[in-house]
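Two complexes come next, and they have one chain in common, chain A, joined by chain B in the first and chain C in the second.
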Partner chain A sequence: MRLYGRILLLFCMVVSLTGCVDQIILEDATITLMTGIDLNEKNELIFYLSSPVFSREARLNEEEYGVKADSMRQARGRFDEMATALTLSGKIQVFVIGKKLLEHPHWFQLMDVMFRDARFSVNARVVVFDGPLAELFAFDPIDKPRLPLHLTKLIDTANQRNLTVKTRVQEFHRQMVEKGETAVLTEIKLDRAVKIMGTALLRHDGTYAGLLESRDTMLLQMFLHEREGETSMTIPLPIQDDRKKIVKDRLSFFLRGTNRDVKVSYRNNQFRFDVKLRLLVDIAERQFPFDMEKDYKKMQKMIVEELRKEFTRLVKKCQENGTDPFGFGVYARAYEYEAWKKVQDDWAAAFAKADVRFVPEVSIKSNGVIK
Partner chain B sequence: MKRYAFNELTVFQYIFLIHGAQVGIGVLSMPRELAEVAGTDGWISIILGWALAVIASLLIISIMKRYPDKTINDLLTLFFGKWLGKACIVLIALYCAVAAVTVITHTAAIINSWILSRTPGYVVTIFLAIPCYMIIQGGLRVLGRYAELIFYMTLWMPVVLMTAMPHTKWLYLLPIVKEGLGPIVTGTKSTILSFLGFELAFFLYPFLQRKQYASLGIIVANTLSMLIFLHITLFSYTFFSPDEITQYTWPTLNLWKVIEYRFLERMDIIFLAFYLFYLSTTSFPYLYFTVFSTSQMMGTVDHRKHLAIFLLLIVLALWLYTPNFIDLKKLTELWSFGGIVFGYALPALAVVPIWLLRRPSEERKA
Partner chain C sequence: MTLRGWLRRKRVSAKDRIQSFPARPLSNSLSENIAELQNIFTLTPDLVIRTFESSFVEGTAAIVYLTGLVDKNSINNNILRPLLKQQARGDAKILDRISVGEVTVAYDFATVEKEIFEGSCIMLVEGRNEAFVLETHGWPQRAIEEPQLEAALKGAHQGFVETAIQNIALIRRYLPNRELKIKEFLVGDRGATRVSVLYLRDVVHPEVLQEMEDRIKLIRIDTILNSGELAELIEDNPFSPFPQFMVTERPDSAASHILQGKIVVMVDRSPSVLVGPATFSAFFQSVDDYSTRWLVATFIRMLRGMAFLIATFLPAVYIALISFNYEVIPLDLILSVGESRERVPFPPLLEAMIMELTLEMLREAGVRLPAPIGQTVGIVGGIVIGQAVVQAGVVSNIMVIVVAFTAISSFIIPNSDMGAAVRLLRFLMMGLAALFGIVGIIVGLMGLIGHLIQLESLGVPYGSPLAPVRFSDWKDFFVRLPLWSMKDRPVSSRVIQSKRQGDNRPRGDGK
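Moving on, here comes the complex of A and B:
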């Protein structure tokens, strides 16, 4: 009998748990899937929200709002005044930042609530939007699913092919706080359809520094993640005299494997990074005649030369605009701690002076199924 | 002669009781606390803390070995006489009570800030108190079984955590010993609280069935806890950047937030729900030994009445006053201090006179 009594007690407890004050009925919830911050012409903060509507009577399946507020929590109150039900922040998939906001340093403080409130989802993808956010949130194409879902898919798949980075809120926090690297975000633009522009580079204070196109993003990803997703590069090769041809001398290859090795040294107040990148590639496309069997070493050398040029250009670009998306600072801390300690508070300046040398090593593993 | 034969523990129950008492609230904040002092070298402090805990544990066992049928309470009465002994027992009961209250209030606070932010703390505590009573009233053997069961039930946790592995960056750990040994030694201090729990051997020893495994068992328990601490800490250090980790109150929970499946988001909530079991294995033994001591002191055999009163008092206290995060920190410090005295200083001080008393006998009252 006592056993039954205990089971009954336990049962009562479990049942009464659902009576906690915090319960929220799905009908009473406006599930935010996408949210954004932007500045208007008068430099006032505008917060946006997009949420799906589950109602047969509603003709559109989504509601969007934009409100003026000073902080995200304040904006939530404003949203609640307009949205059908209580706005929830636990399911945010995409977090959009207007490019105009990125002109101002230290805007990152606005995101504080996302980390302080444990119920915020930290897995939202952070995106920079080139243009007024109002346009993006009002965008409702007939051939696409709900905008937040469409964007999520777009970013995820583009990231799979390494055309852009996928920075989630949690990772973004790390990139912003970590002294030895700067943040990179996906950049999109509205041009009849939402288009991925590439990767936005941010300085340490959060200001916009420049855009990496998809080609550069691939190089960056190659360095950061070695081999993740699918990387397919097309590069020009100087085989013959470059005449005005329609069919240009292009070579495309798949990355089968990457291995990176960074050596750090510090001399005369200058960091030096020797980056050795070992790439295993599969030739996917070759638009010119070439005797691979005889000259494959020559081909490897040409790819190496081309990649080295590209990488050097990319690093130079980052050094010039005061960013370090590669996280060379992390290497500096790991291997030259004493020197790093002196420059850690202004790593971008130290990195701008650094000497970065790329030494790619390419080994062609496959030539495709034709000669 | 054998007063505690009725509630005998197997070696496994003994190991998991101690291990369960060790792994509790400490794990949630440990990576941050260590990083604040020792940076990314904090994980070395854990190993040092473990060594200290093992030494203290072995001292405790070596003391208890001399009086295999006595708990620390019986010993204190034996050595200090009836009244002074009772005063000591009160102190020990107080220590256990502080530990239990600390864990319970922390549990309520974590639930409050992570899951149920608008449910008042005392309501959460009522819900915690009911299963508490149900299990602890069964006595020590039930507690032992419970601790063992919970250990097996939570084995999946480190495995699931491993799925966040691709997000980690081991480069953050370098250089090892970056600021010299000083911070690492200082960091050991904050691991002391996390390893507390081994001092329960003072109580558990007479209950243990096969006493020849007492030393081995306590080493296994300490090592098991050390491995869990090390796993979590190393994982947090490689997941969060060293500049970032000090910002999170409970980095371990933030770690779980990024794990997400197609069918399941917010793993941290599920983890936390399961972690409540783990927290309970910390608070239950302390609760039990609080009421065990008080009822023994009052000369009653039944500890259940005391248990009910004690739980009611906790709920009542939390109903009257909800502790803020500063209070929580002070409680933790109080427990830490008590633990240093009871877990480390007492065995270190007591071992010499007890070794000097060559033959343990009932007549010789020091």
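Moving on, here comes the complex of A and C:
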């Protein structure tokens, strides 16, 4: 009898579980792989969706829709009216924002449902598209796989070479909410193909502030993530300043290891950041004659000087834009809390006044397999 | 123990149906005795009663036997020939002339009847109220072969046969030790089956042994045909899907278990023996593990563990992922799954059920067919499963892969009983997955673990050494550490003498 009792108990426990109601069989689902928000000419919100179609009878393997709606949830209803099956948000790979939308502050509220609804994928890559989104969603090149897959791969591999950042929805949320940092997103553009433009800088209110090209992105990534992926930089070295040469004096190097150290101080109403970057580099390419054995110290010095210049220029650009993609504010909060507290609600302004000094230290670890 | 009380009640009522003969003593008169025997053995054409006169007895004597069960050479040469041909000199006794090894004396008809049924030859002599029971077993027998279900790569290639005496001999060859004790019980009222319990007296815990004996003694039944029947009558939890006794046909495996402090129960007329107390982990071990190198054996053990999980959960996971938790599937896979699912007209549960049942049918069809036809079934099934079903759009490619994986996995488990249990559990898990997705699978897993923890075999925890945790036994669990490191017998089998070897660690040339 005890056994039957147990079976009964187990049955009751199983029955009281939630289930069945949220059952969606794969073929009854329209799995959204890419979604986007944009503004049209009349400044109305348009939501886009791209989803794979699994049918041998369909000639295209993808369906795209754009609907007018006031919110993402409302847009889902509109999509369901058109799409083959129920639209699901759990597998979104790419979340595209039209550049036009970024002109308006506080658009970030639109993304609320993505965080509130647990079934929403927070792993989607957030991307800024330079141009009308309709073009991107209609783009269907014959030599590429489905667009969402193509974009996913494009962003991931570009990020591996540090040509752009990879900001997922979850990370984007952090960057937006964090007071001491501003968000950075991947920016793409449609030419004949989809092209990675670099990294879009966003201000704290979500408006577009500027573009970092791949070179600056590398510097930013070097600072943010030390050594992640592969970083290869090419810098001009002023050995002889001969502008007519076809083969220019260039030096490329790989980053083997990085180590950053930020010191914060606050004096005279001004933050000061001393950033020490220790870089271990491998020379990958050298297009000019140089006696490495004798003068490698000189070479290190030249690289240091070039990097310092680049970093200073990058920081200045950000300060002028009113952005802080480096997250210096986080350091300020950690080390100079009293001073930070006063400026925390307008960190960008405080950062614009800050004095940031880069002191790179370069050590050449390898010269390649030839002399 | 309420369950056993329930069983006990049933068994008592079972006894009432069977006529029991009172133990009537033999009489002095030969003719009366023969008449009585003929009365007992009515309609028994294979009963032979031969009366003869011999100079060794005053008056007539008779031998009685069942013709198929005895060794005729032995009766002709060792019993009849000396008694008929030779002349008595002096006061030689009749028994001195009979050259048969085992001779006992019986005084009542019940014993005589039982012995006749067991293949003995009964000699009755005029004027004596006793019967000589001459051991002349000689029933039809099979030669010793390698067991088919448990073929070993490196182990011995001998398997048990249908005669307990021979089986005991096979074990004795491995354990020529005086502590190897054999207790015999007769079970069954119609066909008394000799059930032998083998164990090492100084190793087995007396309580475990007592438990086993008690359970065997409590059985009241017509007869036991197979050790599987016995297992069902004495196991701890009759409703569990898991086998609670190891069944093996291998003498080396049985001997190894005896050495580990377990009890082997041998049923006469059955070529497989029961080993108890069994633990869950023991079903994933094979004799080959100990004859291959330990690294290899460890790898294979882990493979089996993985196979268990795959065989139990893979179809369920498939169903859960397709119908609830598609988010978990990697992007590239979800596209190919989606493409292959698109043509399938059935919901995932039905699709999986169709394929799993097809597989089970193929297996069952192949089991009992002779090898040539079995192959045909395999080929037809292979083509049906592998290609046609997918091309016709009845099931998806991925489902075929899932089914193939589960099939292979379930056959990796070395014990066929456990393999069957796993195949059964799979359907339960599939049902749960279809109802509740991954949550359902987790619930099923928890239930399974809970059941394994509460299960016992002969009062010894079935989940040991994992639950309760017996770290010292983990040397021979997921991994099989080198033999020299397993100095003690497993704690899980509740031994009273744990040391099994000294320090045998090889040290190479140095010392």
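Quick note on the criterion: the second predicted complex is superposed on the first by the 351 of 371 C-alpha atoms of A that agree within 3 Å, B and C clash if a C-alpha of one lies under 4 Å from a C-alpha of the other, contacts with A are read in each partner's own complex, and residues count from 1 in each chain.
By definition in this document, a contact is a pair of C-beta atoms (placed from the backbone, for glycine too) under 8 Å apart; a residue touches a chain by one contact, two chains touch by 3 or more.
Here the structure is a predicted model, which means the values were calculated and not measured.
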Touching partner for A:P289 - first (chain B), second (chain C), both, neither: neither
First, second, both or neither for A:L149, with chain B first and chain C second: second
Touching partner for A:S121 - first (chain B), second (chain C), both, neither: both
Touched partner set for A:L88, first chain B, second chain C, both or neither: second
Touching partner for A:G5 - first (chain B), second (chain C), both, neither: neither
Touching both chain B and chain C, residues of chain A: 10, 13, 17, 20, 22, 90-91, 119, 121
Complex contacts: residues of chain B adjacent to chain A: 113-119, 123, 127, 130-131, 134, 167, 169, 171-172, 174-175, 178, 240-244, 247, 253-254, 257-258, 260, 265-266, 268
Chain C - residues contacting chain A, complex: 2-3, 239, 322-324, 326-327, 331-332, 334-335, 337-339, 341-344, 347-348, 432, 435-437, 439-440, 443, 447
Chain C-facing residues of chain A, complex: 1-3, 10, 13-14, 17-20, 22-27, 29, 31, 33, 52, 54-56, 88, 90-91, 93, 119, 121, 146, 149, 152
Chain A residues touching chain B - in the complex, by the definition given at the top: 6, 9-10, 13, 17, 20-22, 90-91, 115, 118-119, 121-123, 168, 170-171, 173-174, 177-180, 330-331, 333-335, 337
